[in-house]
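Across the two complexes that follow, subunit A remains constant while its partner is subunit B and subsequently subunit C.
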Partner chain A sequence: MSKGESLPETTEPTTADDVAALIGDDLLDREEHVNAPGFVIRPDSVQDVLFRLRDEAGYDHLSCVSAQEYEDRYESIYHLKKFDDPTDEVSVVVPAAKDDPVSESAEPVFRTADWHEREAYDLVGIEYDDHPDLRRILLPETWQGHPLGLDYDQDRPQIVPLREHANPLQEDHEDDDGDTMFLNIGPHHPATHGVLHLETVLDGEQVIDVESDIGYLHRCEEQMAQQGTYRYQIMPYPDRWDYISAGLLNEYAYARAAEDLADIDVPEYAQVIRTMGAEMCRIASHMLAVGTFALDVYGDFTAIFMYAIRDREKMQDLLEDLTGQRLMFNYFRLGGVVWDLPEPREEFFEKVRDFLDELPEALEEYHDLISTNEILQVRTVGTGVLPPDVAKSYGATGPVARGSGIDYDLRRDDPYGYYDELDWDVCVEDGCDNYSRLLVRLREVEESAKIIEQCIDLLEDWPEDERTIQSNVPRTLRPEDDKEIYRAVEGAKGELGIYMRADGTDKPARFKIRSPCFSNLQTLPEMSNGEYVPDLIAALGSLDIVLGEVDR
Partner chain B sequence: MSSDQERPFHTTGDVQTETREARTGAGTDNRFNSKLREAFGSSPFILTKFDKFMNWVRGSSMFMLQFGIACCSIEMMHTYAVKHDLDRFGAGVPRASPRQADVIIVPGTIVSKFAPRMKRVYDQMPEPKFVVGMGSCTISGGPFQQGYNVVKGAEEVIPVDIHVPGCPPRPEALVYGVAKLQERIANGESSPVTVKPYELEQFSDLDRDEVVDKLADQIDEDDLVMRYNWADSP
Partner chain C sequence: MVGGVFLQQTTTANASATTGPTLLPETIAGVLGGNGILVDVVSGFIAAFIVANIMLVMTAVAGPWAKRKITAAFTDRIAVNRVGPFGLLIIVADAVRLLSKELVVPDDVDRPAWDLAPIVLPFSALLGFAVIPMGSGLQLADPETGLAFVFAVASIASIGLVMAGYASNNKYSLLGALRSIAQNIAYEIPLVITAASVVIFAGTLQMSEIVAAQTETFVSVAGVSIPQWYAFVNPFAFVLFLIANMAEIGRNPFDIPEAPTEIVAGYQTEYSSVYFVLFYLGEFIHIFLGGAIMATLFLGGPAGPVLPGFVWFVIKIWAFFLFTQWARSAVPRVRIDQLIEIGWKGMLVLSFANLVLTAIIVGVIA
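Now for the complex of A and B:
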């Protein structure tokens, strides 16, 4: 599959020294992170540097912004990548003074920085100059203190108001007979897939503006991880980020990051099991995405939702056989998986094969009921359009990006596990609309099935005395002080990344989750402004967000 | 229906018995001694018996609120859908509006921003209403109990009739919990009352202290607020 062309006339820097030269006088210091070279730059020239890195060096993907507080300073790290080659990374480190933590905002360069910086302000307390709208994003606006800062007192009482979400139009539109109105969707609403609140401004039935109000499920996942030890205590939490059966994919993200941080090897056999389990989760997750999307578009608990649940039940049975749990698997361990395939193995293989055999027929049903259905096509083709350059600027990944023609899949572009040994394709559609995103998901189910089948073949023939499920990992892991890493895997919704900083103890000093849904949800206004309300709902459904991961 | 067939409805008891015996043989079947009849008995005390009847009706036809919060709601969806099909127990019609619902299943972690909203949703449900707490999060905060933003269980906000433990509970467990609730309702048992839950109160009614003073210029006097005293949380 061909990758997007790079501009011929630019000579992109290839080494870290070239990048350093490009940054020039703004460079204060250099660091070495496990995944990429780090460049410490002046806090008042963030935009300059990022513009240069984006336009002259091709780093067009701001993957994540990790903020943290040290004893003597604050720091924001901009993790940059290329959509063409995600293994080519740089970290731009922006320090800020302890007594007055201010640095320049990156929002004019990358739209996605808007929410990421608001989150950094909310949780850590860094302020960003030139940011268009620096407010709290996850916690209530009246919250006192910044909980991931060093001196936060968790016992102090907090007061949270229940405001009627103020209608910004009321006063000037009360008496005139204009068509402008203000509509609150959520936080308790069946179409928002959880507890999301959309503040929508309408002109007649058209959406003029929509703003997502998130944080209704902010359950301190990062704090929980920072309180847990690397070896055992963190692994149960990833299951609960993206909880739509994508548990093993999330565990993969943590396993990959922590294994690279602590130099742990994973036996090949365990990698095959991991890959198989992860793809099973992807199927289950996409099934629900498709089912609820149809639910949103058709507006009722119709057959397609039940079909999706039926197939998910089958997949959950298989996953339960493998891991012992239906939803929260806790199956990966650093250095492998917790136990081998269930005995008798033949029975398990047969069950998986049965599922795979029935899958084409089931997918046929889905295509009959959804993708070839005229009503659905009328509702989804050409609605919720997200052009590729906009998607890139917002850091959209996963099926959302692939539905906009961006050929980006970490399983292939930044290979991990056993993916590069197997034969499968990345699904890309270039319609950029709701329909394309749906098609990408349906096609990805087929590709995942292909991967599972190959894994099963491999596992069946694996010699009995080479079935090592875990490598030797010390009971307590203490990665060196100040070792930093940002690693991502392809989760069900896109690039799921983890930033970790070790401080020499057995717990991470900073644990930051880069959630694909968080970035994807940010594109919603782009897709729905100017469209009708039902298209807004369809667009939201096609983004397939899960609030546990948006809010963390 | 052709005219020479018997009319489908009969008003006198003996005709009914006749047709029944014609169909099933004499004296074998007491299907017609239904639950309804057991509930009424032959006693003339209509008032208490009517209560009992109403309880039975309530327990047998529950309208659930379609209310998803977190991970547990995925298993809740599975409970409603094929295979587990909660509807078999007369409790499976999710209503999207709280004003039409009489049972709320709370499926997930409640955080400080959401608790006032949940309270509001609960207040909007008509009496009598019942609450099933699903998952460890609604019992104690579950895996997130130590979080700075997590309410330590649903009972801090609303009274809970049935707790279904698990993280997440299996659909079978939720079905069992709902069946238990139906049983309790049918027996007329009342729901427990929470001790000192977090209430929505007017900002001006709060005791003045440091936090209140600080927020005085951000919150209106008559805004409803919820005050979390984290230090006293279990």
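Now for the complex of A and C:
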């Protein structure tokens, strides 16, 4: 798994001391997180420090912003990575005073900080100076209090006076003197893939501005995870984030983070099964993404949508054989998987091989119907353009980033599971448009099939007495106090990361989900401003968002 | 139907003057016996009623049943098969279901216009059938300007769409209405101009004459004589007309006035219950009218071997319906600006080229 192009040899600082020197006087303290060194900096110099880290040290990927409240302070952690080498991580810790939690916004440095900081403000209550638009993002604007704060009273009724909020959308939507029209697309609309609300401003058919209003499907996933025990109670939740058959990929994110946090080993055999299951989910997820994208562009439930669903259904059957479930798999356990492959094993292998044998033909059909269709090319080539530097600034990952020519895939760049033992390629397209993102997904299905085939070969020949599906994990896990970790895996939609802080109990003190859809959706205005409404819809479809994961 | 009567009255003088086939009202008048204005009016009504009901029955079969079955065949599914033989009784079930739904009238709709729009749409298409020769003596009227009449009444549908879009007080509806105007203007000109090339061949606007002109033998291959259908004589015009016709009736890939994934349902977003049925009906009758015009102008109308003329006519318009559903299952929708570009920069130029070339060729030969 070597990179396609050689990395530029520069004198970029890579050791923690170099980074500390770069931060200089703004450094208050040093911490050690499991995944990266942490640097506590002054809350009024966030932009300075991040600019330096980005431009001089090459940390160009703000993966996540985790905010939390301690007994004596608030804290925002900026998890920085490099797109060239995501294993080179730095955590920038910004404390904020308990009585007046204000720190400087990172939005001028990384556009992606916009939404992440809004979420931190919404749920934890930290205010960000210099933030362009610090509003609530997941909860209604009228919400009282910050639910993840320590003194939040869950029993307090949320009183929303009707006369002030009879229609929260009513204001300023009549543009009397201009030529523009305000249009609500969603939350109930055929093309929003769930309950997404796009507040668009149109000039005729052209999109002047679009703003996503999210949070309709917010289910307090982070808080629920904080109330569950590491060992058993959290694992069912990830299935509910990206529920479009990407369940095992989500479980992988939690498994990886928790196993690294608690120093748990996973038997090799279980890793192969996990890798295979994850790629099965990726195929199922990409099938649906291709089908719904075609639906958005074609505008009807056409043949291609049904074909995609048909092939996804076959994969869904295989996953059912493997995990016993079709939607909420709950198959991974810390230290392995819950049970071995279904008996008789030969039958399962044969089924998987049948699917893999039929897949090239099915993909050929997809290419015939969509990617080589001229009308579809006219519709998608050159529309919804997302330049690579913009994509990086917004923290776009997954097929969206790879469709913009960013050669970034955590399976290869930050290997986990069994990926680095297998032979497969990362698919990158340079078109930066809707068509490239479609092609990336179609090609990734092929690569996933390659991975599954190799896993099947390995599993078939695995000696019977070495089939350990779980390592010996204590019944109760209590990671040490103040141990912090941020770990990500390559989900179907991109980098799915989890930040956890242990406090010595058997439940995490803070559980933060970095959802790839959340960051990817932020790029929508960049892609659709100035385009026509149909291209806005196509761009939205090409992002392949799942609202369950955006809103969590 | 009202138009049918009107036409009947205005064109009986003309029709009797020509030596064309007997029209349906005349046949009925013959059965009723007697002469005079009253018999003419009554027989006109009966004839219009028969023709309208033939079209409504076909629409009823097409909408709830055939469309589902066809789409299902294209997408590997089974579709309706529970109610009645082959699921045919779904037509009854759907009719009851749709008609018994609540008619939701949104606030601030422009009442007379909002109510009239769903009536204008199906009736504009039904009017078109007044002059279509359907074979086996099924033709209501045969004015000398038949072709112009068909295009004129079919275009009334645009007004219905605009009324619906504007009166609905809904931005999606308005967008759909604007789209449909832009589309109709862009595609009606190529449509009419391409039809004009047929007129150059036939030398008449009268529908029965256009059909009659196509009965002559075009070429004889191994003893089988192929008739002079204009689709064979000028395939280029046929393809042009087919594309423009798809846009005119708003089917994929030109279904942008509705565009479910973009503007919800366009002009019909706010309509429910009976009004929705009327819109749905109107669209299907428009598809059939489009097919009927295609059949008359390019496919020899009701002509065909062995089977009676009317059967051939039905086969031809259902073939066109099948084609629209095929396109719906297989072809992506173009974008609004691309649609306008194809219309103004492509279709218009090509249709004029076709017209000029046809005129030159016909002028040189004749």
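Keep this in mind: the second predicted complex is superposed on the first by the 521 of 552 C-alpha atoms of A that agree within 3 Å, B and C clash if a C-alpha of one lies under 4 Å from a C-alpha of the other, contacts with A are read in each partner's own complex, and residues count from 1 in each chain.
Everything below uses one rule, namely that a contact is a pair of C-beta atoms (placed from the backbone, for glycine too) under 8 Å apart; a residue touches a chain by one contact, two chains touch by 3 or more.
For clarity, every value in this text was computed on a predicted model and none was experimentally measured.
Engineer: In the overlay, answer first, second, both or neither for which of subunit B and subunit C A:Arg475 touches.
Structural biologist: In the superposition, A:Arg475 contacts neither subunit B nor subunit C.
Engineer: Does the superposition put A:Cys220 against subunit B (first), subunit C (second), both, or neither?
Structural biologist: Touch status of A:Cys220: first partner only.
Engineer: By the touch definition at the top of the document, which applies to A:Val378: first (subunit B), second (subunit C), both, or neither?
Structural biologist: Second partner only.
Engineer: Check whether A:Ile244 is in contact with subunit B, with subunit C, with both or with neither, and answer first, second, both or neither.
Structural biologist: first
Engineer: In the superposed model, does subunit B or subunit C contact more residues of subunit A?
Structural biologist: Of subunit B and subunit C, more residues of subunit A lie in contact with B.
Engineer: In the overlay, answer first, second, both or neither for which of subunit B and subunit C A:Pro236 touches.
Structural biologist: The first partner, subunit B, only.
Engineer: On the A-aligned overlay, A:Arg135 touches which partner chain: subunit B = first, subunit C = second, or both, or neither?
Structural biologist: neither
Engineer: A:Arg310 in the overlay: touching subunit B, subunit C, both, or neither? Say first, second, both or neither.
Structural biologist: both
Engineer: For A:Ile159, is the partner it touches subunit B (first), subunit C (second), both, or none of the two (neither)?
Structural biologist: A:Ile159 sits against subunit B, while subunit C stays out of touch.
Engineer: Check subunit A for residues that touch subunit B in one structure and subunit C in the other, and list them.
Structural biologist: Residues common to the subunit A contacts of subunit C and of subunit B are 189-190, 301, 305-306, 310, listed in rising order.
Engineer: Would you mind writing out the residues of subunit C in touch with subunit A in their complex?
Structural biologist: 71, 74-77, 171-172, 175, 179, 252-253, 255-256, 259-264, 328-338
Engineer: Hey, which residues of subunit A end up touching subunit C in the complex?
Structural biologist: Interface residues on subunit A, with respect to subunit C: 181, 183, 189-191, 205, 294-303, 305-307, 310, 369-370, 373, 375-376, 378-379, 532-535, 537.
Engineer: How about subunit B: which of its residues touch subunit A in the complex?
Structural biologist: 66-71, 73-75, 77-78, 81-83, 94, 96, 98, 108-109, 111-121, 143-144, 146-150, 167-168, 170, 200, 203, 206, 209, 211-212, 214-215, 218-219, 223-231
Engineer: Given the complex with subunit B, which residues does subunit A contribute to the contact?
Structural biologist: 139-142, 144, 147, 152, 154-163, 187-190, 193-195, 215-221, 223-224, 227, 236-237, 240, 243-245, 288, 301, 305-306, 309-310, 312-313, 316, 326-328, 547-548
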